[in-house]
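In the two assemblies presented below, chain A is common to both, partnered first by chain B and then by chain C.
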Partner chain A sequence: MDAIFLQILNGLDKGGAYALIALGLTLVFGTLGVVNFAHGALFMLGAFCSVSFYKLLTLSKQVKDESITFFDAFKEQPYLEIWFGDYGTTIIDLAVPLSILFAIPVMLLIGLIMERGLIRHFYKRSHAEQILVTFGLAIVLQEVIKSMFGANPIPMPAPEIVSGSAPIGVLFGMGESVVYPWWRLIYLLFSGIVIAGVFAFLNMTTYGMVVRAGMMDRETVGLLGIDVERRFTVVFGLAAVVTGLAGVMYAPILPPDYHMGMDFLVLSFVVVVVGGMGSLGGAVAAGFLLGILQSFASMNEVKSIIPGIDQVIIYLVAVVILLVRPRGLLGRKGVMED
Partner chain B sequence: MKTPTIKQDMVVMLIFSAVILTMPVWLEPLGASYPDLLQKFAIFGIFAVGYNILFGLTGYLSFGHAAFLGIGSYTAVWSFKLLTMNILPALVFSVLLSGLFALLIGFITLRRSGIYFSILTLAFAQMSYNLAYSVLTPITNGETGLQLARDDARILDRLFSEAGEGLPSTDFFGFSMSGYSGFYICAVLLIIAFFISQRIFHSPFGTKLRAIKSNQTRMKYTGYNTKPYLLTAFVISGMYAGLAGGLMAATDPLAGAERMQWTASGEVVLMTILGGVGTLIGPMLGVGIIKYFENIFSALNEQALHQAYAFMPDWLATVMVTLTSPFVGEGWHLTLGALFVLIVIFLPGGIMEGMNLIKKRFSKKEAEPSPTEKATETGQ
Partner chain C sequence: MSEKKNSAGWSRRDIMKAAGAFSAAGAMPMFFSRGAWAENNFRNNPGKAASIKLGFNVPQTGAYADEGADELRAFKLAVKHLNGEGDGGLMNTMKPLSLKGNGVLGKKVEYVTGDTQTKSDAARASAKRMIEKDGVIMFSGGSSSGVAIAVQSLAQEMGVVFMAGLTHSNDTTGKDKRRYGFRHFFNAKMSGSALGPVLKKEMGTDRSAYHLTADYTWGWTQEESIKETTEGLGWKTVKTVKTPVGAGDFSQYITPILNSGADTLILNHYGKDMINSLTQAVQFGLRDKQVNGKTFEIIVPLYSRLMAQGAGKNLKGILGTTNWNWALKDKGSQAFVKSFGSEYGFPPSQAAHTCYVQTLLYANACEMAGTFYPPEVIKQLEGFKFDGMGNGATEYRAEDHQCFKDVLVVRGNENPTSQFDLLEIVQEVPRAQVEYDAKIFGGELGPYKV
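Then we have the complex of A and B:
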């Protein structure tokens, strides 16, 4: 029972990341009609936002190490600590959550540049060409990151206060022994908030209403005198921010490296396809569903029955769904049916 | 489209064979005529020519062909381990087995088209990659990769001779697979592969595939069941990939799972696009250019750049070095990605389209002045 409970948590947690990435991907697909293979790269860029923010905070200078008296020893001390003392240390400790504030404008800018500079010219071209050009862009982005940060994964610390494990079992009456890392719980909560935010934006604001209308029937919205293209640029920026934030908060869970984008890209496409191309609710539902399925498949009991199932479960589900329910779980009729 | 006559085809074939077989000679001045690179040209040429049969003719964008390459490699290495170091059985088995897998995967994935097909092939490629790394370790030897060992069975070889000292090397009835003889074996296979692809391009079957690309619905309305044609194309291109994989193992008997990753499929897509999708020669050109420049660019470093810019004033040379150094050496992939983006944006037909454009411009000038030129002439 405990194990199952933990696996559900694990799955929800993974699912949170999948759902966030897939949400951005399907938002772009549903509105702009563009198949964006550079989406994984956005996730990676988000993670590297937190890395660079952390590096920025810990810019240090060489100071004399007072604790060693035999000879002149030097140590690195961040400027923030020199200027603000303990207060500065706290800020550095909170680097990852704080980098959200840093990532939002950066990702928005990247998204806008990408849409204006490249994606916009591919609205009218075939899906195959969209795939190819964004695939090339993804390679470029990942190589740029590689040349800037190196090829090795860069571990990012979670804030110290939440670095331990939460006695989550107590809440559900399962005893002290059932524990779960705080940061993963925070990630789950965070993904829930962001997803709710996106849905609130789309469903409760006039702006969102127009975007949804544009997803339904772009031409008519244009005929009503609304500048659809500009809205779509904003939507692309929004998708970039959502995906980037998913990456920022994921950094303490998985040390960012330059090819994490490509790894997540395939997964997120699978999630979107299972949920139904262009369906936002479907993407979120499929994200959590696949996350839970995957964490159950990686239980030893399951693996001993069907070896290797944990490696392929997601793709297997995608293949089955695509073949028996071509529209995906919640796909709308008439959207991308070949 | 006008189909060339058999005679024209034969001429093209002869020229192609001559160009391929004399590669060691005319690549000499370019500094690319050593066997390793030449073998790579030929092997990736086979891969790309085969991929083009699917993507070029039918327009189905597969991201899973690296899986067949990997299957071919693993099969070949197993044949070296169990049967004989002769490459003939190894290649036959690679082609057959990858064809079988292509039949299976194609049967499932071809039920959908467009982006869904791409994603399905992607899913299968990822599955085979993940499995090769984890559960299938007894067959694939996981992360280390499958290698030859001295105490392998090699049943057929044992019939004729005792196990020698050290690792045996691959051969084709006495012709070694390393060095120039290895290149010529690969080259002959490439020429055969090219010949088959040419025959497919100019056959009724090829025309049907092109019809599927231009409008599958219309094709169906005229009473054709498109599925068998698509599946045949898929299997053929899978077998080409298997042959390429087998040859890769033959020139270097080591098979690793990273060969199956979907980004490796991306590479062949790239080569095909760069040269020109749907043209006969295009993929070959793409392979040549990418492999050649990969070789040159990844060997460059800052010092070499400084030498190259030595004729410039110092300050300009420094600027140029800082500008170009991210693109060479380790950064070769960056160049490749950027090149790819540019090609897709400005020249979707690849180099072949570019050459056609140039040809058109020149021939037009000779035949009759273009309208703009006429206008300027009358204006004068």
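Then we have the complex of A and C:
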């Protein structure tokens, strides 16, 4: 029972990341009709926003280790700690959550530049061309990050106060031995809040209503004198922010490296296809569903019956969905069905 | 029966006899000098060319790109020293030394590079290109046992020596060993032998271990060797779980450990997988747990400084082994750190060290053999005993082409004095403690001539 409970939490947590990435991906596809293979790179850039912010906060005074003569080795002390003592230490400790504030404008800017500078020129091109150009863009972004930060993963500590595990079993009457990392619980909560925020924006604001109308029938909305393109550009920026924030908050779970976007790209496409291309609700539902299935498939009890199932489960589900219901779980009728 | 003779008085039998005698006389020098003929007839023989080419096949993209970049730096430094440039590095400390600092056998050393991408097929394609197109006479490099084993068999097929870089699987010089492949780096079996006594001293003989193992040749053999060691100490093995390489999120493999009854986690992961699984294991509170009345411990049998950088403070206090460390004080290590540090501004990794040493060892063997002919070079490397290269007295065992030397047991440094001081040397385990019988892993080296 404990094991099942923990795997559900693992699945929800993983699903939260999948859902956030897939949400942005399907939002871009639903509005602009673009299959954006650079979307995983946005997740990676988000994670590196937190790395950059952390490096900024930990700019240090270097004290040379005189015992080493063949190269320069330093003991470092961050200026923030020198200037502000314990307050400085606390600010550095909160680097990841604080970097959200840094990441929002940066990711919005990256999204707008990406859309205005490159992707808008490919709206009327075939999906194959869109895939080629966005995949190329993803590789360029990757290499830029690699040249700046190296290929090795960079450790990003969660704030000290939430770096351990929560005795979550006590809440559910399972005993103190059932624990779960605080930061993962925070991530789950965070993904829920962001998803709710996006849905609220799209469903409860006039701006969002126009975007949704544009997703349904772009031409008619245009005929009403609304500049749909400009709104869709903002939607692209919004998608970049959502995906970037998913990356920022994931940094303490998975130390960021330049390739992490590619690792999530395929998964998020599977999530979007299973949920239904262009379906926001579908992306979220499929994200959590596949996250949970993947966690359960990794259980030793399951793997002893079907070896290797943990590595193929989500692709198996995708194949079944595409065969039985080509438009995906919550996809619109006609999309991907012809 | 009478024989017909022609006008010159020669019968057919006379002509046959004369032809036979002529052929035998003509073939005589060839018979006595057939070695010389073979020595000129091998792949990529430099002949009278003024230079030779070496191939450095390292991961330049992918998760091990930083390690590959460090290997490449070391190779370039080795080439520089071989050609008599720079401060000579380990050529000042290596004993016995046949190198003269004038290239190899008087020929200048040049090199080409390739990208393995840490993928067996890409590595083989790159090595093949180096051999067929660039004409390399030896190739080296790598940061994965899967890759090393794949290119080693190519080396055997094509008759070009492969001096392996970082590869730690027992299989490389065990069941998959090849006559044309040589490994200076230590292996999983040696890690287990080195770690055993330290584990006994620090953690006792009553522990229950849970293994998470990368699902490929290196992970399998490391799990097997460490399990053999810990069970030899009296530890129980609760479970061994294979994890996919590059899994990223290991939470689904870590949660079952929480209530498994295990009090020790052994991470048979390397590189990015190790960084991720260790980070997540710490987040799940494993290091704060008390199980069976003991503090839960994590062991990382194979360490590298580059990995330690990625794992950050999570690595503090965790035991493991390493082939070499820049902080060693022997003359060879200091000479290499001085050379590398002065050239690049930071200390070399263990991957850089092994690649540098391998290049020098190959070149030295050519000098000893007096030829580039691979079977003769191989014979010089087999059983070669040397010192002054940073790991104490070392021997390239002839039976399996595995180098035997001291192994380091290290611990994630609790109080680093600099950004490079990440691993604390717990013990320099003498070579005698990590030696084993070559027969236990089976395998066949294969022929000298291909």
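Note that the second predicted complex is superposed on the first by the 322 of 338 C-alpha atoms of A that agree within 3 Å, B and C clash if a C-alpha of one lies under 4 Å from a C-alpha of the other, contacts with A are read in each partner's own complex, and residues count from 1 in each chain.
Throughout what follows, a contact is a pair of C-beta atoms (placed from the backbone, for glycine too) under 8 Å apart; a residue touches a chain by one contact, two chains touch by 3 or more.
The structure presented is a predicted model; accordingly, all values stated were derived computationally and were not measured.
Student: Would you mind checking whether chain B and chain C clash or fit side by side on chain A after the superposition?
Tutor: Because the two structures are overlaid on the shared chain, the partners are seen to clash.
Student: Return first, second, both or neither, reflecting whether A:V35 touches chain B, chain C, both chains, or no partner chain.
Tutor: In the superposition, A:V35 touches chain B alone.
Student: I'd like to know which partner A:K55 touches here: chain B for first, chain C for second, both or neither.
Tutor: Neither partner.
Student: Just chain B (first), just chain C (second), both, or neither: which does A:M299 touch?
Tutor: second
Student: I'd like to know which partner A:Q311 touches here: chain B for first, chain C for second, both or neither.
Tutor: both
Student: In the superposed arrangement, does chain B or chain C reach more residues of chain A?
Tutor: C
Student: Pick out the shared contact residues on chain A: the ones touching chain B in one complex and chain C in the other.
Tutor: Dual-contact residues (chain A): 146, 311.
Student: Note which residues of chain A are touching chain C in the complex, please.
Tutor: Listed in rising order, the residues of chain A that touch chain C are 2-3, 6-7, 10-11, 13-14, 65, 67-68, 70-76, 146, 150-155, 157-158, 163-165, 177-181, 183-184, 252-255, 257, 259-260, 263, 294-295, 298-300, 310-311.
Student: So in the complex, the part of chain B that touches chain A is made up of which residues?
Tutor: 59, 61, 108, 111-116, 118-120, 122-124, 126-127, 130-131, 133-136, 262-263, 266, 269-270, 273, 326, 330-331, 333-334, 336-338, 340-341, 344-345, 348
Student: Which stretch or stretches of chain A touch chain B in the complex?
Tutor: Per the touch definition, chain A meets chain B at residues 35, 118, 121, 125, 127-129, 131-133, 135-140, 143-144, 146-147, 262, 266, 269-270, 273, 277, 307-308, 311-312, 315-316, 318-319, 322-323, 326, 336, 338.
Student: Can you check the complex and tell me which residues of chain C touch chain A?
Tutor: For this pair, the touching residues of chain C are 62-66, 69, 239, 241, 244, 246, 248-249, 251-253, 255-256, 258-259, 272, 275-276, 279-280, 283-285, 288, 306, 309-314, 337-338, 340-342, 344-347, 416-421.
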